[in-house]
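The block underneath contains the structure these notes are about, expressed in structure tokens.
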């Protein structure tokens, strides 16, 4: 019976891990779109790597990753209206590490163009989808919960690196 | 042992709460895009508030919220093609209440412009992203399941109210 | 006590089903956007039906569904940059079958137009939302896990078929 109990407990813990990871992924857009540096510091490890690909600046270490959210450039993006929009992520947990693969859209309100009217939903010039990226999160379990050890983004532009990220969600062929 | 049992049961119930809430959030776009008033009535509390911000009409009470989905304006929006598209939500459960923070896109097919062809995926003029909003759901546990006591939307346009919603997903700084 | 145990076990299994189904849905975009035929073969049943609506080719059987991902047309779409982007799905499990209703966007980078600059996020011509579809997944439990027996897509263009799919997520009125 005790073994049964242990087994059930282990299964429940695996489920709780999964749900904690969902909230970790879902917490990212609110922190990015409000420039919350202290939240970012708390969810990345001290030696974490944030890699946005060859065209955009990255950061190493949770302090630097948080500081990026308070840079003049990032503040200007927020002031213009910034929305990080996340898909349902694919999650693979392996003991004390996990790999998450997700898609992310970065949207901003259009600054020009003719407004479109939709009944019962007002008028709007619409939104510009600035970037669509694939997203790999390498996570690690710590005494303070699941944290991000590495977050890697690659732009979907037809080139291979974005697809390499996606392959991490699927069993090796 | 009985305590163990109870503890496991409580953990399982917390997980079931979370999954029920995910389905509550995922059920909203299908109901909005088909104008299903009786579904809306069943998931909002009798005294619920639906607040779409200063520029769009809101509603108070589950009957009025449902009726809005059958207004002439909303029916016209549906007839033009209406898609509510939801991100992965962030969920915080606290006993018998819960706070959900999510992003929502409202899309419609473009009515003008040149069609674009994508191999193996036909031709299309594309879609207009009419609104991108942040979304706070204040939920309450009832004998008939989790229900919505208040749903608050704010347009992402660079102004503060949309960010105030997002802060509800993150620990106070 | 043994009954209690059984009940808890059954509840845990229902939760694990749900999470397995989330990963099944989240695994689809990575497989579609990399053209991974063997993955598709492994998640569809031998007699599965893939129905993309009257305007696009479908396929019957897991082999044919996989082969479609390696067609010249699909490869060309991938080479141009292809992103399948999924919303939070609504899941209803009923014993050994399940119905999932979700929304899906199909995006590609714009090939023309003026680039827009967003501070701290580089320049981009933006993305074209080629299709927004409603998506019904009829799933079945097998000894090798949950598999797709039928996947039905309908374009959101204001017509009834897309709404018929959505109604599958809501209780009958």
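Letters A, B and C mark the chains as written, and numbering starts fresh at 1 in each.
FYI, a residue touches a chain if its C-beta (ideal position, glycine included) is under 8 Å from a C-beta of that chain, and two chains touch if they have at least 3 such contacts.
For clarity, every value in this text was computed on a predicted model and none was experimentally measured.
Peer 1: For copies subunit B and subunit C, work out whether under half or over half of the interface numbers are shared, and give different or same accordingly.
Peer 2: Different: fewer than half of the residue numbers at the subunit B-subunit C interface appear in both copies.
Peer 1: For the sequence-identical pair subunit A and subunit B, what is the superposition rotation angle on Cα atoms, to the nearest 5 degrees?
Peer 2: 120
Peer 1: Please tell me the distance, in whole Å, between the geometric centres of subunit B and subunit C computed from their C-alpha atoms.
Peer 2: The computed centroid separation for subunit B versus subunit C comes out at 20 Å.
Peer 1: Would you give the residues of subunit C that are in contact with at least 2 other chains, written as numbers and ranges?
Peer 2: 1, 8, 12, 15, 80, 82, 87-89, 129
Peer 1: List the residues on subunit A that touch subunit C in their complex, please.
Peer 2: 1, 4, 8, 11-12, 15, 18, 55-57, 68, 71-74, 76-77, 80, 82, 87-92, 101-103, 105-106, 108, 128-132, 156-158, 162-163, 166-167, 169-171, 173
Peer 1: Which residues of subunit B touch subunit C in their complex?
Peer 2: Of all residues in subunit B, those touching subunit C are 1, 5, 8-9, 12, 15-16, 19, 22-23, 25-27, 29-31, 33-34, 36, 38-39, 42, 78-89, 107, 109, 116, 118-122, 124, 126-127, 129.
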